[in-house]
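Read the structure below first, then the notes.
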């Protein structure tokens, strides 16, 4: 293992029975570096089940339009089913994986021909690897979105669980990482849910943009054979009809880009959550205690409990962003029609998917096992004048224009600071009214002002839809409860 | 103008009538660099009309729930309408732009207070710049998408016009920039239309994800005042209801990210078109002639006609990608709740929008004015064995399994090369059948094989839906015609 | 100001005296969008002084090799000097800026010809805009690096000042944002200095890579005229000799990329510092107090003191990363030789430079005016077992293998936690030795163990070079003192 | 193999002999996802030889300062040497790789302890994984740069070989992909050499920035033990002395960023070369013929010879850019001191290195085996008025100011076009002088003007240093010859 680690093993020498499936003119087998350089098998074998599904749909359509016989179809279906089973079982050890065949498509076709002969030679009728891989990619994306739906469900359940347990704890919210207004813990949890649910909807919206079937577009221009592309699409649940134009169908990688982008925003959202909770887990905040399963120690400092999973979740935003940039770069300025550059799409998309999927699952586990430390949080609720805005709103209700109210409260905060008081409620009614009088609103405050002060009072007073206090949290949680049940 | 060019002019000294609107504690005015460092006015003033629209909707809601009087509302509406007119007319020269007020929001509020006094001081009731700017951004995005719709319409018309004029010309298509199958020019034009129309749908799909109204979320937690957020949303055509959660509403920049991404893919699509046509415009290809308005000359080489607009369209992909990465970077790992970092969202989004919008408009003009050179294209149609795939498909129709047919045609191409023949149609029937026989399919070819050879024949033979030959082009063009009429 | 804001004003109609300098075949003037689309004048006019400097060097060389007369040279030099003075004075208002001339180069040449006639027409002898702009870019980079050196000096002085004032305060250091080992404040300040000083060295190292003179490379292939490229280079302080190859010289934008990258890493470094101090400035940490000039308030919450400048410094990392990606994207996959795409290099480079330069200057001001709150920091020094590593090292000195020592201290930390003790020093000697005995190192501790405990003791005990305790800080500060004096 | 493919296999349950090396508090082993989530062993095992080298240097230093005994050192050295041999031989199958130990460092230390007992437990004295991995990374970078030097040497030899064989062929150069001036093939080859050689120098310049030794910095603050960091550095050839500051040493990933950037620019440079040659290999250009080993065929179109390796080289720019962005993203905004995010640095750096390294090696092979088709190139040399600039320079020599000469040649080009002449040399002397007279330079041309026309004449006339014609090419080739011999 020198600095340069070759990606894959070397090819077998000599002619092989499956060589008939080898593309004409492919000189790469004559040069070991070339073989390694062009292969995508090391990562695209992951598409084998989608490739087989697509091939079966294609074969059935070929039969429907009379291009192959019933017997051919039967042989193809049987052969592909048996290949699928072999790979399910043997995985990377399946002997059909031959690096000199370059990719998953040729390996499976060659194995099929070896199994069923001429029927296998007919499978590629009216098809090119260009439209085949475009289809496989879309089928994989559909599957991956389904898979992510399951993980999103875990995430949602994890946060809802946490909200049900610790959601009512009163805590400060932060803008600019400075104490802003009081909220309940559940108010912030609902924010993560809102953002992540939007991530899920983005994934679906973008997948829908790419749900037309490219198969039947051939290498670039279509086919002179009487393919029935609608019939092919009808057999594939994930897709809804044929693509509009053959050149676009084989040249586009929008399906990969769109998913990579949706993953990148998901990673970004998780990075914000992770950062927030890393800060909450610091000694200074001590707002949360992470479960021991999701912290690790230090090789040098015996006392450490580090939030490594949160840090990795944050850091892996790099993987998602990097994959998106890789795909965007790959597509920039290449001519229309398939170019070999496009082969790399899967490498980047898979990397982003694996990383974000794992981070989501980790998020679900951390969410459901973390504890908010009510005692610590409550102990410091008096700091930071969290009720200043509520006081300004009290003044508004009492007829003071907001800008003036904002000024009055500003002066009261300064008064507290001068007197070394930490809370507005420590001021006397006359202090309040003195400040009001100076702003030409004498006697604006009454003794009920104290009902608007203190974090515990304020969180009960929020009335606007979507608020992060008691009423908002309860309504939002109810909606989530309903959704998840 | 030294290497470092300060962005903006210096602030005015001394207290001003609008100073009451100045945020408490803002020390930046005491340091010229700080003033320049925090201001966003130099770019966010572009939001003035959206800011005013949002403020009017807010004021009407405040009246509806009784937080301000009918008279207050009238004063606010009149004041804002007059400010809007002033800025419409005076633009950057409007005296209300005061850099020490930092942004468009404070400038307009301060001007309003100056005009209408206490009514103006009430406008910010139950509102923070945090939810205000989130709203302005969404309103701007909605407007910008509308504006792009108009430009997309120009682009579509430009390509359809070209397709109607030159679409029937037979030409080679390319994969790997190697000659692949014959198509008609219109087949490729339809590919650009398909890709760009998907760009437009992406813009809309992503905008819809962000069409809920953040106003009423306040600084982060909502408000203790009885705001009616639904009522606000109802007044704003672009939006459909209140956001779910106040913290998410003020912390998220997904609206900016989503649009930046949709613009990036649009730029990428244009870069592929531009590259293709730059190559088509080379002396060696000479497939197209660009209109003189869209080429420029050289300061040194007197004979040049350079496709500069296409090159700039390609190069400006950098602006769109860069803006997307800037936004993604900005959002990575920041805590929830508003952070000042987010202010920069507009800078990047506006840059991407201006650039892509212009490129689209340029694309429309180039598309409608470019000529495909039929003579030159036709002259070389015999090169590159464009009909090889059609010949393989002929053999399939004649009962030869595709893989075997592929091999037979491969050997025929090699035969041509050995004999120095450029076209398969120059072979004799016996040559065809000799190759077939060697592959154990004797007499597979009949004299009708010649009807499948030659680019002009092939483009008429394509039958698969979406093909880039005659039948596919005609159907696709008809659909576009219908859509545009 | 609709969503789309055109970048520049419209061109003047009709033939003008300077039209002779207009590139042949430039059709863009016939279409307003085209004029706006191709112009770079709106941002490259910033290069005027570098352009003139390069032109004078070129003219002197032309005289030296006899291509122009002494009189021509005198006219050119006088004309250019007067143009430089005009622009110095009039800036953007200089009447020579004519958008239909596209760029700074043509504007200045046209103005020169208008001033001095045929001598001006000779200036472009053996030169193209392609090599001219490559030179201007390198001259600008050299100037900008000089300018940054001055700002780096301010930054260094700012941190050294802070270190001299607050550097001796004992504080916790953090890994994973968890309390790690005790350090002195100055130990961390020295880390920022080390990282930023490496940024400065990177800028210089990369500039040196691009310090050869492209002028004399012409449009792409060089010139048939007897240009003396060494003579040109000799007149330009920033450059050291002619480029090796004309095609590479005019096609490369490595000078822009290299600087953009160096700026991106600088922005990244500043983002880490900003994040750290934003956290230090939170109520929960309260480690630092930012000067009032570098915080701002809230439009809604009267009590806020937000670290906006730090947040913007963090967020503007987006601008630097985005510019780098824009440049990398622009250069990806374009053919060799000048392509118009390259024109955009300056737009991105200038944006990155302006942003990072300002952030550095802001960093200098914040560094020199921030106060570390010794009282608050000291009050919590007992938390987090900061001395655990030192204790393990004590055991090592006493003959316990490190891994065993690590285990022993781990068990002692757990013992404290069980007993609700916050500090290791609260344990008795027998507690220490009991744990040692269990790990088969009985009596490893003596009473001097207490000299290794407590943050204040530990910071004095660090002995390794570069340590962040007392001895390391003092040595490092001394080196900086020496460097800056 | 579902859409989600777990990265690694599951951990073994139950306590193991090497558990003593496990970090205290690491709960990850209790959760399979957590184990997989935090491990870096699947990619960082590649560092094993650097890790062992670093450990030996550390152990010798520990001995030197008396922290371990001669016997301990001997045991450690022997143990590590035997582990190195085992891994050399067994690679990924080495039984010491235990995913629950997370990384290469712990696996090797655990294996050492198992082999040599307490001596092994002393190895980590005064060391943390934080400084250990920072060292390993730098040692790997140094090795990788050495490896790249070898590949660069192949690339240089490949291009020089090609230049020696085909360099003298006259061909057009291109700006804007439009024919510009005539050059010799070698003139362009020298451009690729210049650009790639700068890539190599960039790698070295950036590596030098990061050549100080972080070991001895401990977890973050340094050590209370009397480590001699200079002594450690002295044993490591690649490094030159201890880092300045312990916090910076363990927090910085500049070494990874700097190399990733240098690789990104190398990839970009290769993408431009690849694009150029893909275009040259098109039927329309037919400037080059690629060796059969470096083209591949089509699964559908039997006639294809696709430049897949060039396309992949171009497309893999995405990998390099993506890795750089991933690293930049990872580092953005994290606090100082080690954070677990940083672990991912190697994943991205290795991906970029493997990809660019292979592309460079492929470039070397393609360069040395490609043939320029002199006949085809020469056949079209008359097109595009390649000699227009030379004619303008002739006029300059004859006393016409360049701008005027530029205009005259422009009018002559238009005259040719009107008369359907393809070459300036087809005009008569009187045509030349008529155009000169109209520009007020009568009789500027003499019969020797024809010696300046025609590509073959022009390439011999270039005189400026670095030109891409005969003289420039010969000088540049000689320098390369000398360098490589």
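Think of it as A, B, C and D in the order they're written, each chain with its own count starting at 1.
Here, a contact is a pair of C-beta atoms (placed from the backbone, for glycine too) under 8 Å apart; a residue touches a chain by one contact, two chains touch by 3 or more.
All values reported here derive from a predicted model rather than from experimental measurement.
Comparing the chain pairs A-B and B-D, the larger number of C-beta pairs in contact belongs to A-B. Over half of the residue-numbered contact pairs at A-C are shared with one candidate from B-D, B-C or C-D, namely B-D. In whole angstrom, the spacing between the mean C-alpha positions of chain A and chain B is 23.
Chain B and chain D have Cα centroids separated by 33 Å. Among all residues of chain D, those that touch two or more other chains are 24-25, 124, 130, 174-177, 180-181, 218-219, 275, 279, 297-302, 304-306, 308, 311, 314, 317, 321, 324-325, 328-329, 332-334, 339-340, 389, 406-407, 410. Across the complex, chain C is touched by residues 172, 174-181, 278-279, 281-285, 297-308, 311, 325, 328-329, 332-334, 380, 383-385, 388-389, 392, 406-407, 409-410, 412-413 of chain A. The residues of chain D lying in touch with chain A in their complex are 1-5, 7, 23-28, 30-31, 33-34, 36-38, 45-46, 48-49, 87, 91, 102, 105-106, 124, 127-130, 140, 143-144, 147, 218-219, 275, 291-302, 304-306, 308-309, 311-312, 314-319, 321-330, 333-334, 339-344, 347-348, 350, 353-354, 357-358, 361-362, 365.
Chain A meets chain B in the complex at residues 20-21, 24-25, 67, 113, 118-126, 130, 173-177, 180-183, 187-188, 190-195, 198, 201-202, 205-206, 208-209, 216-227, 229-230, 242-252, 254, 257-258, 261, 264-265, 268, 271-276, 279, 314, 317, 321, 324-325, 328-329, 331-340, 389-390, 393-394, 396-397, 401-404, 406-407, 410, 452, 458, 461-469, 472, 476, 479.
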